[in-house]
Amino acid sequence: MEYFLELFFGGLTRGSIYALIALGYTMVYGIIQLINFAHGEIYMIGAFVALIVAGICTIYGMTGISVLILAGVIAVIYACAYGFTLEKIAYRPLRGAPRLSPLISAIGMSIFLQNYVLLVQTPDFLPFPSLIPDFAFMEPVAYIIGSPELVILVTTFVTMILLTLLIKKTRVGKAMRATQQDMNMARLVGVNVDRIISLTFIIGSALAAIGGVLVASYIGQVNFYIGFLAGVKAFTAAVLGGIGSIAGAVLGGLVLGWAESFAAGYISSDYEDVFTFGLLVLILILRPSGILGKTRKQKV
Amino acid sequence: MLRDFKQSLLISAWFVFLTFPLMAVRVNTTDQVVTWRLMNMVWVAIGSFVLSYAWRFMLERKKVRKKTAEEGADTRSKLQIKLEDMSFRYKAMGGLLIVALVYPLVVNTYQTNIMISALIYVVLGLGLNITVGLAGLLDLGFVAFFGVGAYTFALLNHHFDLGFWMTLPLGGVFGCLLGVILGFPILRLRGDYLAIVTLGFGMIFKVVMENWDSLSFGPSGIANIDKPGLFGMDMNLAQSTTYIYYIMIALVVFTILITNRLKNSRIGRAWIALREDEIACVAMGIDMARTKLSAYALGAFWAGMVGVLFASKTTFINPASFTFMESAIILSIVVLGGMGSILGVILGAFILILMPEYLRDLSEYRMLAFGAAMALMMIFRPQGLVSGLRQKYEYKGTKDQVNNG
Amino acid sequence: MADKKHKLLEVKGLTMDFGGLRAVDSVSLEVHEGEIAALIGPNGAGKTTFFNCVTGIYNPTKGDILLHPKGLETRRLNGLKPNKVTEMGLARTFQNIRLFQDMTVLENVMIGRHCRTKSGIFRSIIRDKGVREEEQQIVETCYQLLEKVGLGDSANEFAKNLPYGAQRRLEIARAMATDPFLLLLDEPAAGMNPQETADLDHLICRISEEEKIAILLIEHDMKLVMNISNPIYVMEYGKKIAEGSPQEIKDNPKVIEAYLGEETED
């Protein structure tokens, strides 16, 4: 039972991170039907910027959770800037082009950003300073869930609540939903579609960066390549839950996190990634619209 | 003018901000050292200022081109027009073939080896060109088929001592088979889903090869794979390299011949139609599943076949040769060269494989450039360096003689 | 008179739901040999959805779609893939033109011949005499079709470079290349000027008379179809509200209320 609980919370932690990244995929896909391949790279850049900030701080003697928060804030700002620029350079000129074009452009940008970080920083794994203290009140349950896990769970939970409020309650959120349903119609009723698309990229990037910072401080190391696998997995989560659906991305992330955690814990960790992709393939074949997704009427 | 200047200044400032933490600071958290590289910021500022002008210029040119195309004017480049002239094409091909045949006799073994790798990528590119370029199925796990071919030969050679020539077609057939097996369930998927699933398959292939020790010997790979034999003759390294080179040339010619015929056939037209518009395609009576499967499997066939040659050339393979980066390189060859264009793909392979070899200093920027090139090509020149040449059809006018032009 | 003619297409109680939305609500219609039937109705009445059900792009929720080819047994089209429907002799065009933009005009039509020809992969590689002859025949047939719709001179142009009206005619030629006995045209005159529309009417009549192809066409604008079609079916909000000859439709109070009423408002 203890082992089960450990795997359960491990999966939950992992899944909530997947969910954060998956939200970016799902929101972008919902609006412009593009798999933003470079989204994983935004996550990686977020983690890297946080590492740089946190690294400087610790080297100059500052430490603790406030450093993590500072690093997180700067990481989010930079991730947003990168996401915004990415959309403007690589995707906006391709609006209205054949479907394959922005997708290839996205793959190109993913490779570009990976190698950009590789070249200007380092190919090695860099240790991320551990900034989350062990909370005293967590001690009784520390054998199943540690303080870092708690921080991750609380942060993702709060982030998701804020996101839901933004989408459901604000004017901007309304405009986003309208654009998602019918871009042309939204434009006709006066929504600035370009701005909404930019905004979607910015929000998605912010979420990815939060995920990146949390993972980096949890796993304790960062490298230029971490975004790729995380990106593919988060995409799997988005598809699993039903791409285009916010709740679906969260659910998909959690399901995937648990599936991986339990499969690795009870079966074998060698083939962990195989499970993920196996799951993705199965979902796409059996229920391409995902758990919560609606089948979209194809326009003919 | 002033507006452009102001805009460029703004862009320059933005990129300085954007690249600041990653380019100006380097933190080594292992040794607790911070390096400041503020000079980099100057380069970024100047570079982005200049590039923003180039970007504007290119966008402007694209607009002009589009306009002239809409007015029905000829937008083909001089090279393109020249290439569409059949007699020029035959002459050029003949000349190239002679150069190709003489090549290993005038250069050393090292150069020949490099050329062999480039030719391997030519065949891989031509194979992927069927799947991506003609049929429009974005395959990001293409390297798996290449790996299947290589492992087919390595294993059959290791366990049963099968020779190169026996296995060459087998590699193709296995690649093809895997293509069909994978293709059946996934080809119903829409284009972007297909991309991600094939990416997954490519990764699964690598993970399985790394972990299934009893079959694949794990990450340490398989060594001492036989080189191609020629009637049991003993050959030294130089001779066998030259021999492999000629085999490769033959394989390339064979591939070009067959893919060209397919492209201009009933099947090839169906592939292109599928790429252009799936719904219209099925509404015109084309069986989508079958057409997709054939494109997918035929692309895989070439990868499998050339995989055999790759294993035989290097005499050693391990899973590290079959990463996503390889798939990405093959894809950039097709994208850069021109999707659907055989000549373009050949050109693309030579540029992307030979350039980093001969510009060693720049070779670490290779993947950076490939990534940028993929995005830039899509934005400014989606048809690639050489766009697909159209077959001209001869027909008799029904009532009066019509010139076809 | 319609009773004597052979019934080609028979749709009975066709219903199509999307989630909670009923886009087509038990619509029945028939198309007989030699007819130019029309399906009209305001925007969003479910006409195109009806077409998509008949041609296999959607699988209808309820109802029967029966095809009675002459001299062959009746086939139920429900759930068949679009390519099978086309193979059976029912071809269509699209409301928002769906040409193969980066192929030449001639090649576009040649795609239509795909299901009527049979060279496979291996024979295409070997390119034996049979294949070469088949290819030549495809080219000739398609070229003749292009001449018929008045596009013979543009055969080697890219489809995307054709003017709008010509693109619509090319869609018709492409559909005809599949050897249909029934042609479904989805708003063939949309976006055309009066002259082009008149030419199109003429072309449709010629196809019907010379090629002996029955036609079912969707039109948004009722006036256009009055000259050439009989019978006319009227749809509104997914339901069929009237059917009959042009005169009957004109006089039908329901149609005037639902359809013409809306028309005069804007």
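Letters A, B and C mark the chains as written, and numbering starts fresh at 1 in each.
Here is the rule we use: contacts are C-beta pairs under 8 Å (C-beta built on N, C-alpha and C of every residue); 3 or more make two chains touch, one makes a residue touch a chain.
Bear in mind the structure is a predicted one, so any value in this text is a computation, not a measurement.
S.K.: Using the mean of all protein Cα atoms as the middle point, what chain has its own Cα mean nearest that point?
M.R.: When every chain is reduced to its C-alpha mean, the one closest to the whole-protein mean is B.
S.K.: Farthest from chain C by Cα centre, which chain is it? Let me know.
M.R.: When every chain centre is compared against chain C, the largest gap points to A.
S.K.: Just give me the whole-number Å value for how far the CA centre of chain A lies from that of chain C.
M.R.: Here chain A and chain C have centroids separated by 46 Å.
S.K.: Could you state the distance in Å from the CA-based centre of chain B to that of chain C?
M.R.: Taking the average C-alpha coordinate of chain B and of chain C, the gap between them is 40 Å.
S.K.: Taking each chain's centre as the mean of its CA atoms, how far is chain A from chain B in angstrom?
M.R.: From the centre of chain A to the centre of chain B is 30 Å.
S.K.: Can you list the chain A residues in contact with two or more other chains?
M.R.: 298, 300
S.K.: Can you list the residues of chain C that touch 2 or more other chains?
M.R.: Expected reply: 57, 94.
S.K.: In chain B, what residues contact two or more other chains?
M.R.: 279
S.K.: Inside the complex, what are the residues of chain C that reach chain B?
M.R.: Interface residues on chain C, with respect to chain B: 55, 57, 81-83, 86-87, 91-92, 94, 98-104, 106-107, 110-112, 114-117, 119-121, 124-125, 127, 131, 134-135, 138-140, 143-144, 147, 152-153, 155-157, 161, 174-175, 177-178.
S.K.: Quick check: in the complex, which residue numbers of chain B touch chain C?
M.R.: Those residues of chain B that touch chain C are 69-70, 72, 258, 261-262, 265-270, 272-273, 276-277, 279-288, 294, 298, 390, 392-399, 402, 404-405.
S.K.: Mind listing the chain A positions that touch chain B in their complex?
M.R.: Of all residues in chain A, those touching chain B are 33-35, 45, 48-49, 51-53, 55-56, 58-59, 74, 78, 81-82, 85, 89-90, 93-94, 97-105, 107-117, 119-122, 124, 126-129, 228, 232, 235-236, 239, 270-271, 273-274, 276-278, 280-281, 284-285, 288, 298, 300.
S.K.: Quick check: in the complex, which residue numbers of chain B touch chain A?
M.R.: Result: residues 14, 17-19, 21-23, 25-30, 32-34, 40, 59, 132, 136, 138, 140, 185-186, 188-193, 195-197, 199-201, 203-204, 207-208, 211, 279, 324, 328, 331-332, 335, 364-365, 367-368, 370-379, 382 of chain B touch chain A.
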